[in-house]
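For clarity, chains are labelled A, B, C, D and E in written order, and residue numbers in each chain start from 1.
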């Protein structure tokens, strides 16, 4: 589904990603773990075209997408949940979702009502301006917004940040359900419990390079690996 | 030290906080928990003057502080670290904290002396404490999300508050930073006698460091009590803790 | 001080009407400015230049179609498109490369554009005063309130609300209006949900300029079309969108009404100091409501 | 003495952008035309050359440019501008200070050669005192008693109105002002002002307006049909630059005073000038072109008379000197350095020949009739 | 970062430039000296504006009003009273700062463009007063031929006077820029909300910033009278304000010295392009666009970036 090959990304003059390569096969959940500032978000942004990589190639469904404008990448079927939420503060919750809607994917397509079913809390505040929402509500909205584009690959950058435990729990179930329906997910998470429970495959990134990758079993079960790469 | 009595705030008829009560004693670590949208952030903003309460009283050190402007509240000794990152984007990490330190030292109106002479040690100490010392010269806008959260707290500390309010301090922090933060919170209360009021969705953390916990739902304060008491409360179980 | 003229009820009434019809032109121009301000967050100081181009284009088109009624109507319809074309070229060739920049940099760009367009107009049309004749249906006056009121002003009183309603429907009932509002806040994120922001911005800019051109074409028959029209309107337009609430289309309408009416009543009441009235109105409004009369996006 | 031949360099500052550009360019054309004639023969064995600068109608830029011309280009003379404020600034801060003669050819403030006049400043156009006086003198010959005054709310408007009223009242004490209205210069909607004036039923109306506001005023007069019912006097209301764009839409029957019309007087010399101008620039000369033209001739003749490029001798020669202009003999008055220009009072009428409104039934007021006296000037200057 | 303000290593280039400027009149003809002096005055005005725009983040849209107040105060005292010249020179900045205090007091309640627009309105009221009040200000004619003390009335002496005042003012501004107050203003520019939260009275500091900046604008006004000997209402007109604002942007408003560069570029362009073509605004516009495209951080920002190899941070 997604192949990232030897990607180098810069912010201005500072070199952030040093040859990151990773792969997300169709229908799997792949997580990227790493400490603060390791480069997880930058990887996501590079895929999304928000910080186009200077070197390396990114392939989505076999086609090279490096250098495309973000809106093109999104239209190809990649949904993005940024770590800093970035809801459209001036629009109401409903409008936020509405403008993101992109009909695709047949009967299972995400629609406004399905998103509200998924996050009942959002349904209740449909008319409220997004800028006024609580942290958790904004997070839900961001996820809902990404779903409305009906993606085939979902980039989730810390989706559980600020969510109450019960909501996290529900979200976890839903992500798993989405995967079962064929969606591919690339997940960056600080909540390692969630990440380890959900994923099929894991990468550990540090200082802009991939330090470890393998099946999630290893990470989950191998205390040494966890201590070594995740510093816990 | 801080008493909040039947505090109410509504937005266009929607009661975000309704009749909330809270008390915080000196030296305590108090946690506020509750589902998303329960009104925790609103409560904190009411206390720190970023919002004006419709009704109710906020008493700090025996004096009413309701309706004061944020900078006045801050000068009384309450600092807030925001849930949504809110730092000085174009300035360096060092300057971010230094501004708070200068403000605390009442030096912000010095016109003719170099800022390189004021508040240096204090700032460095704080940065050392939170683990940002090696990033001191970075422009804060270029920090990663997690580091910005750390900086958020560092700025709040720059004011040497008596009461530090942390709105989801560890959200977005890696486990490593989280543990640094927990250590720091413990140290601050122990060594400096700082009082801490915070909210968090990470229940492990809440139950491991809070002396007392207040639970909010739909803007109301359900109960306030010791962790054990809260954990066993059925209503809380149903409303919030759910699976955990 | 001597009062300009006896203040009769009918004088007040007529001045009010004049204020209102003047307000319509101001509204059409400033709603465009407000739109650009709301979406691009750019104080487009070249807006006045586009208004001037609108007026000059109307003059040229009117002549090209042989003057008279047909010429007038065709010019009125076409010249906003000419202006929109100019705007589109400027946007695609230059402006669209700058959106990522600091906002004040965009202000600098529009300032440069104002300088360039001002001189270009002089190169193309020369320095002579130009004038457009009104079509016969709109010529002359009608008796209203015991005085005569020009038909053309009545026409403006009809066009203004039409534009307001059209704009309202457009910005609120279509998705593009919402997208524009979203893009104003977070351009990258709009991009990341699969919307080509670049075109949204281009569209907003061009629409704003279209309105400037329409204002210019509408005002042309009532004044002499000359260089310097840009300076006259731009500061007024900015003050109007400010008192109305930046980026708020209804605010632009309200602001125009306040402006038009205080101006024309000011002349009636205290002619010597008429120049200060609009400024005074702005001061009063802003001291009373620091973010303008209506909700603003800024 | 000054035997070696050299060119005389004239520095022109004027506003070549914005609404005033139309006048500035016209003046320059007149000036250039005159130089062609002059340079054929030559002046002091050399030529008169010129260079010009755009002031953007801003005083500070006018000062920059004037100083640049004087200090860097080292011009012998300065000529300009349409902006009274700039003219006055240049007159004092550059011309007087550096002892460089300065010819004001369009700006109309009476203070330039009046109150603020000095040895180095000259005015070759009409000024507001003349304009107002012309109006006052002309109207005092008419039977009207009840007047209404309306105009542009700025210095020029007020000074024309004041001067006209002062002179009218002095000559005909029974006149009475029943009301005034002022509007913002450039105000587009004037029809309502005019209708309210009409409802006050004055005997006659004085409009004090100029430049592009004039077009708006004339349009409003036309729309409301005012000119058919009331006598109206507008200074420069018969200006071709204003009437031409209006075409057939110009109101008829408006009285106006003007210091120059290309179609009057109908003398062969004048016709020759107009034809030559038309030939060269594709249109008839406006009043600025005429001023530009006579400015050049005054300059050339004064140098020839002085026989030297020396500034002081040049000024001495200029004072009281006369030239033969297309419209007759003109004198540079010695006491205030103001050219004595005649004024033409006429009434607008659409002309078959030109397809636009022109001034008809022209009466000429001589320069002596419309200029303030030398005593008045002395008094204004405070000595 | 914590170097003191008097670090020789960073200071010597400035000292060298200053010394070079001192010798300039010997190398230049009168007109160039005059234009250089005009550039200094404009540079001081732009620098004073940038204290609040670039470093304070305020949309100070009508800065020229204060410049005009300074110039008029100085000119009026010189023309209308018998007071010694230094009184006029000293009174002007205080008059400007006082006006700044009054206007600022209203404006600081507002944000961004609202602030700017209110200031334009208030400043325009001032302009209208100056424009109409013939008896005091000479109305739209202005006051010309202001008597300048003999010691600084020639082109050369006025050049030195202006250069010295400029150098002194810029040094003080640099001190302020680096002071805790300067830092606080920059913090307010970045994030006023957060500033309140760390205990800073934002409004009070902004007002103080305005007063300081308008004080320097008043000094620039005095210098204008010294070079030109004239005052006129254009000095208080919004167009001039906009131009000065543009100079700050052009030079690089996040840098300290940028506005000086912006002022120099603008004045030089308008003077020298103006001698070749009447379409000089067009050329100015084109040059501006080229600069925007190729020097995104302004001229000075670009220079700093080049010098520091990428770290464009003062």
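Just so we're on the same page, a residue touches a chain if its C-beta (ideal position, glycine included) is under 8 Å from a C-beta of that chain, and two chains touch if they have at least 3 such contacts.
This is a predicted model, so every value here is computed, not measured.
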item: Any chain that touches chain D and chain C; value: E
item: Graph distance between chain B and chain C, where chains that touch are linked; value: 2
item: Farthest chain (mean CA position) relative to chain A; value: D
item: Euclidean distance of C-alpha centroids - chain A vs chain B, Å; value: 28
item: Length of the line joining the C-alpha centres of chain A and chain C, rounded to whole Å; value: 44
item: Inter-chain centre distance, chain D versus chain E - centres from mean C-alpha coordinates, in Å; value: 38
item: Inter-centroid spacing, chain E versus chain B (mean Cα positions, whole Å); value: 42
item: For chain D, residues contacting two or more additional chains; value: 16-17
item: Per-residue multi-chain contacts in chain A, two or more chains; value: none
item: Contacts with 2+ other chains: residues of chain E; value: 239, 281
item: Which chain pairs touch, all of them; value: A-B, A-C, B-E, C-D, C-E, D-E
item: Sites on chain A touched by chain B in the complex; value: 11, 14, 34-38, 41, 83-85, 121, 125, 128, 132-137, 139-140, 158, 161-169, 190, 192, 230-232
item: Contacting residues of chain C [partner chain A, same complex]; value: 175, 178-179, 181-182, 184-186, 188-198, 297
item: Complex contacts: residues of chain B adjacent to chain A; value: 11, 14, 34-42, 83-85, 142-147, 150, 167-168, 171-178, 201, 203, 240-244
item: Footprint of chain B on chain E - complex, ascending; value: 1-5, 172, 175-176, 178-184, 186-187, 189-191, 193-202, 205, 208, 212, 254, 313
item: For the chain A and chain C complex, residues of the former touching the latter; value: 48, 50, 69-71, 74-75, 80, 82, 86, 88-91, 95-96, 98-100, 102, 145-146, 148-149
